[in-house]
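These notes open a run of structures that come right after.
Okay, so chain A shows up in both of these, paired with chain B first and chain C after.
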Partner chain A sequence: MAGMVTLTIDGREVTVPEGTTILHAAEALGIEIPHLCYCPGLEGTGACRLCVVEVEKVRGLVVACMRRVAEGMVVHTNTPRVREARKFVLELLLSRHPGLCLSCDKSGDCKLQQYAYELGIKRPFFEVRDPGYEVKDDLFIVRDYNLCILCGRCIRVCRTQGADILDFMKRGIETRVGTPLDRPLLESGCDFCGSCVSVCPTGALMEKARLGKGREWELEKVPSRCSYCGAACELNYHLRRGEIVKVSSPRPVAYLCARGRFGYGYLQSGERLTTPLVRRGGELVPVDWDEALSLVAENLHQARERYGAEGVGGILSPLVSCETAYAFQKFFRAGLRTNNVDCGLRVGAGLELLRHADAVTGGPEGYASWKDVLEANVILLVGDVCQRVPATWGYLKRAVGRGAKLIYLGFYKDRPARLAHVWLQALPGEEPLVLARLAWLILQKPTYRTLAERVPYFASFAEEVERLARVEVSVPEENLARAAELWSEEARGVLLLPVDGVSPATGKAALNLLLLTGRREKALFPTSAFVNAQGVWRLGGVAEFFPGLRPVSEAASEFAAFWGRVPNGTPGLSLTAMLRPGSPVKALYLLGEDPLGSYPGSGSIAAKLGELDFLVVQDLTLTKTAEKAHVVLPLASLPETGGTIIATHGEKHHLSSALSPRILMPWQVFALLAAKMNLELNLSAQELLLNEIKAVTPEFGLVPAERKLGFWELGEVGPGRGDSQLKLTALAFYPSFYRQDWLKLSGLEVLLPYEGNFVALSPEEELEEGAVVEVSTPYGAFTTRVHLDKALPRGVAAVPAFSPAAAALFPLEAPWGSVPASIARA
Partner chain B sequence: MSEAVTVTREIVAKYKGREGVLTHILQDIQGRFGYLPPEAMEVVAEEMGVSLAELYGMASFYARFYFAPRGKTVIKVCRGTACHVRGSERVLAKFSEELGLKEGETSPDLSFTLEAVNCVGCCALAPVVMINEKVFTASDPGKLLAALRQGENRDQDH
Partner chain C sequence: MAEAQLCAVKRAYLEYEEFANSKLCGRCLPCLVAAPLVFDLLNRLQKGRANKRELEELRFLAQGVVLTARCKFGQEALEKLGKSLEEAALEFEAHCEGNCPQHACPELIRYRIDPERCTQCDLCRALCPTGAIIGDPYVPYSTDNHPYFILAAKCNGCGVCVSACPENAIELV
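Presenting the complex of A and B:
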């Protein structure tokens, strides 16, 4: 067979692709060759020589993790000579390993220990040397380089998917791993992705919170997924008596960002609500479930009677499971007969752009996968994707490592800017202009023009592009030309678009580029900052669709059959409409959403909340919004409820309940409410809900979408270059997240300057670090601190996305555009 | 912009586009400042497209690069085997006590730096100290220091 090689390992024949290492070939036969410096998923370096094997007709021993197979090779992995050599290597390593397995937290999970056992090393052969290094007590991570065997895995993984802040320092006997000038990790710009801890074969790198909490065999390992962003990375919770003591990734190099790996504190925080609260004499006081739910049932009923379907509404979080979302919307649509149910994905253009995305790709089946990202020839990255969905960073880096050309469109000079072949540094607001300009450049090529002429709305598209291309932008001409060239000429192209983090015009202009170059399938990777945005909107969590994306106005009778109650056939109000002062909503139920804490437009939202007759908030903790509620109900988190989620790129996952909740499950709450209101809704068990979802939409809403064939019109777009007004944007700074309170409860806010309360400015502006300033926009004013950031161009200010500053300074309708702002010393 | 940044930019510009020039760049920077200032290292990493970690890794590989300002007089106490046998430990302790500096430290007024080094290849003279690259037998560190200080005063008189 061409490209295949047959060899014999320990007497068994195996055929593997050319270029395979002996170590991998052995693996294919189920033979594990001991290895320390080699780590699956990282390039080998051949440093430790533990993996040596004997190859017939080769004189010396051969390093199995580096040596490629050859036809007819005969390999022996376990001869006395091999074992002697390995023992020698291990003895040398142990001679500078002053650790004591008896009391080491790594015991049971340590490769050094494992191999020492397997090779039967009873007592150290060489004298053990203790280097006497000081143990480094960093945030989340403890580094004890006395136990380090210099395998270099941490360095390589940090280079591949971390912040690239580690290397070998000094040389010879003094060699050790370190950061520049040996600074603490936080000061060195560490991401706290914990990848280094994950790959370290010894106890040198450990999760701080895990120390002293029991050893590997005492911990219960529960597989789950991260419940922050749409990447929904796979992870394991390691529990001791029900408490999370560490989080690990399924494979050593499988990526988790700081939120996934260290951000679990909010789940077991003392702030978690355990009992309902009701407002009495202005105070929230604890009561039992029965009393609280009676009050909720009574008030919802009254509002429904008095104000009709329009008078009640529910807003749910895109961070809950499909089953929870389904039950919640059913309670409203079938129970209260209102379609006023909507979710946080509505904020900005998330929902609109996801629908457009489906119209381009023909549905989630047509989305690009991580594999498509890795195998792309050209990648167009828009905005702050890597901060919103940090898992993208490792994939991008690997893709570029494999030869992909990266085009980065964004004003912020962060890592993608360094990795990019072309950096299109558009100022905030200029993005759609730059994208339109690329379209114009591509249209100059006759082949593309002919192709595009066949796409509906070509005439208006060409005209709009023609007009917008004339507006001057800050990106140099040659960069535009280069990007247009790459995007049109390279074979496989993938667009990474943060659907819920760009303005609608930017999103549409980017999608137009896909259409223009005929890239419909496997070319769009939509990223959402919310773990189950895809599941929630597809299962009835947005006003205009019943589960399965059935339009409300068409599907009422269909759902009457499923639900045994005729739902309302009038489309409901969107979240933006519900939260607008003067809206008809008088009783509002917020499930896992904290509009006062995480939505833009907090000023007008507060005014609307003040108008309500009744507000019930169900959440993990007493949030800013909950403090204003009439009734507060505890909410079980996603790791507690388990259930189905759909990741940002359309992959469906079923999670078991990883943590035991000490409170009612959300659907149990809705079931009790329904019972109190004499509604038969069948909400009492997750199993029931799952079966019902399967009956209603067997595809879980992952249905093919009707292809909208034409180009999108961009509408109003920014003024372009030359306007001297300071532009303010909300930018995701790693590890910014929608629920800032989760970061805070998990101790992650310290990764942000001033714990996330700042306005970032270029050092070229006339203000100094830490200055207290008042930032004003047409939507509000906010007092905060200046953080000087070299990555920002002059004339641009940024506040962290989802921060109180962003909430005060941007409108609910348009949070991701740029607004004119002024900054003055406070 | 600090002087280190401006100067480093000039130095880097001289070498840019050529292969294998990192050590030359670092050497030039050290030539200017006597050590490698952190701001300078950041400029080099950025302009040369290497990570700061890799740059420090490389620089620290060579014993001749320094990461903190050094004193006008650099005292290196040999800790090689021969010198060890001839009491280098005591020599180091004595210097340390006299100067009020620990091994590797520089006095705040930048007059002295105290270092311990491996065999400097003059074992016959053990216990050896190198003072600004000149080799001495340190049988009496106190006397050496006194001579040094005197020399310094004389320098100032002129």
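Presenting the complex of A and C:
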């Protein structure tokens, strides 16, 4: 067979592809060769010399993690000479490993310990010498380089997928691992992705929070998924007596960001609600479930009777499981017979763009996967994806390392800008113009013009592009030409699009580029800040669709058969319509949403909440919105409820309940409410809901949507260059998240300057770091501190997305792009 | 006189030091971790503070690094050490017992003053940097002046007294 090599390892023949290392070939036979510096998923360096094997006709021992197989090679992995060499290496390592396994937290998961056991080293041959380095007590991570065996895994993983801040310091016998100038991690620009901790084979790098909380064998490992952003990364919770002690990734190099690895504090915070609260005489007082639910049922029923279907509404969080979302919308649509059900995905352009994405790709089946990102030849990155969905950074860096060309469109000079082959620094609002200009440049090539002419609405598209391409933008012409060249000429292209973080025009312009170059399948990688955005909107979590994306007017009669109750046939109000002052909604149920804390337009939302007759908030903690509620119910978090989630890039996952909640599950709450209102809704168990979802919506609404293919009209796009007004934009700063209170409860806000309460400005502006200023926009004013950020261009100010500042300064209807702002000293 | 001569241990030390200062990179483990051990053991040998077991450790190091080090520099350095361990086995073993047969290791050198030849001129006592020599200068017709004597515990073997003695009365033991 071409490209295959046959060799013999320990007397057994194996055929593996050319270029395989001996270590992998042995793995294929089930022979384990000990290794320390080699880590699956990283390139080998052959430093530790533990994986040495004997190869016939080769003088000296060879390193199995580096040596590629050759035809007819005869390998012995366990000869006396090999064992002697391995024992020697371990003896050497033990000679400078002053750790005491008896009390080491890593004990049980330590490679050094494991191999010392396997090779039968009872007592160290050499006297143990303590290198005497100072233990570095950093944020989230403790670095004890006395226990370091200099395998270099942390350095390589940091280079491959992290912030690239670690390296060997000094030389020869003084070699050790360190950050630039040996400063603390936070000052060195660390992302705290914790990849280094994950790959460290000894106790040199450990999670600070786990120290003293139990050894490896005392921890119960529960697989789950991260419940922060739409990447829904796989992770394991390690529990001791029901408490999370640490979080690990399924494979050592699998990427988790700081939120995933260190941000679990919100799940077991003392602030979590445990009993319902009811407002009595202006105060929220704890009551039992029965009393609180009776009150909720009574008030919702009254509002429905008095104000009709328009008078009640529910808003649910895109951070809950499909089952919870389904139960919630069923309670409203079938129980209360109102279609006023919407979710936080409505804020921003996420909903609109996901629908358009379906039209391009034919449903989530056609989305690109992580593998497609890794194997792409050219990647177009739009906006602040890497801050919103940090996992993309890990994959992006690997992809570029493998030779992908990166085109980055964004004004913020962050790491992607340094990694990019072409950086299109469009100022806020210019993005659609730049994308239209790229389209125009590509259309100049006859091949692409012929191809594009077959796509519907070509004529109007060509006309619009022609018009927009004439608007002057601040991106240099040669960069545009280079980007157009790369995007059209490279074979496999992937578009990384933060659907909830760009304006609809930008999103549509980017999707047009996909259509233009004939990239319909496996070319779009949508991301969002919500773990279950896809599941919630496909299962009826938005006003205009019933589960399975059935339009309300058509589906009402259809669902009457399933649900045994005839739902309302008129489309409901969207979230923006419900939260607008003067809207007909009088009783509102918020499930896991904190509009006052995380939605833009907090001023008008507060006004609307004041108008309500009845407000129920069900959430993890007493949020800003919950403080205004009439009834507050505790909510079980996603790791507690488990259930089905669909990552934004279309992968469906079933999670088991990883943590045991001490409160009612959300669907149990709806079931009790339904019972109190004498409704038969069948909401009492997760399995029931899952079966019903399967019956009602084949494949969770992930079935290929009808392809309404065609170029989109961008509509109104912002002015080009030449606008001297200061532009304010909401930008995600790592690790900004939709629910800032989660970050606070988890202690992650320390990664942001001023704990996330700042306005970032270019150092060229005439203000100094830390100055207290008042930022005002047409939508509101906010007093905060100045943070000078070299990555921002002049004339652009940024507030962290989802922060109180962004909430006050942007309108709910259009939280994207930029708004004119003025900044004055307060 | 003492500086001019080299014993096998000292030679091995200097050779290894040269390697450590020039070629040793630290990018593969055996050299990197073995280096401080080799230095430590050779230092002890030169001071007569090593025992037979530590000599074994040195042999083990030499063999192991030759077997596992990545580059030929690292392998050769320890191969050389291994060779001298073998060729000058007796000399190394003598160091374990506190003797340097070549009288090259200052810490292992013992001097003695021959009272027959000593004229009690006091020159050696005045010059000794560590104050290891005691004795009274010659006073004619006195009977209770003490003869000159070297305190082994204080002597660092520098040999100043040997070259200074006008009577060649100080000799190696």
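We take it that the second predicted complex is superposed on the first by the 826 of 826 C-alpha atoms of A that agree within 3 Å, B and C clash if a C-alpha of one lies under 4 Å from a C-alpha of the other, contacts with A are read in each partner's own complex, and residues count from 1 in each chain.
Just so we're on the same page, a contact is a pair of C-beta atoms (placed from the backbone, for glycine too) under 8 Å apart; a residue touches a chain by one contact, two chains touch by 3 or more.
Here the structure is a predicted model, which is why all the values come from computation and not from measurement.
Colleague: Output check: A:81 vs chain B and chain C. Expected answer is one of first, second, both, neither. What do you get?
Modeller: Only chain C is touched by A:81; chain B is not.
Colleague: Touching A:180, do we find chain B (first), chain C (second), both, or neither?
Modeller: In the superposition, A:180 contacts chain B only.
Colleague: Can you tell me whether chain B or chain C touches more residues on chain A?
Modeller: Per-residue touch count on chain A favours C.
Colleague: Kindly classify A:47 by the partners it touches after superposition: chain B alone (first), chain C alone (second), both, or neither?
Modeller: Touch partner of A:47: chain C, not chain B.
Colleague: Applying the touch criterion given at the start, work out whether A:171 contacts chain B, chain C, both or neither, answering first, second, both or neither.
Modeller: Both chain B and chain C are touched by A:171.
Colleague: One more residue to check, A:123. First (chain B), second (chain C), both or neither?
Modeller: Neither partner.
Colleague: Which chain A residues lie in the overlap of the chain B contact set and the chain C contact set?
Modeller: Shared contact residues on chain A: 168, 170-171.
Colleague: Please give the residue numbers of chain A that touch chain C in the complex, ascending.
Modeller: Going by the criterion above, the answer is residues 37, 45-49, 52, 60-61, 63, 81, 84-85, 88-89, 91-93, 95-96, 125-126, 129, 149-151, 168, 170-175.
Colleague: Any idea which chain B residues touch chain A in the complex?
Modeller: 38, 41, 49, 51-57, 60-61, 67
Colleague: Where on chain A is chain B touching in the complex?
Modeller: Chain A residues touching chain B: 155, 158-159, 164-171, 178-181, 188, 418.
Colleague: Quick check on the complex: what are the chain C residues that touch chain A?
Modeller: 20, 24-30, 32-37, 40, 57, 60, 63-65, 67-70
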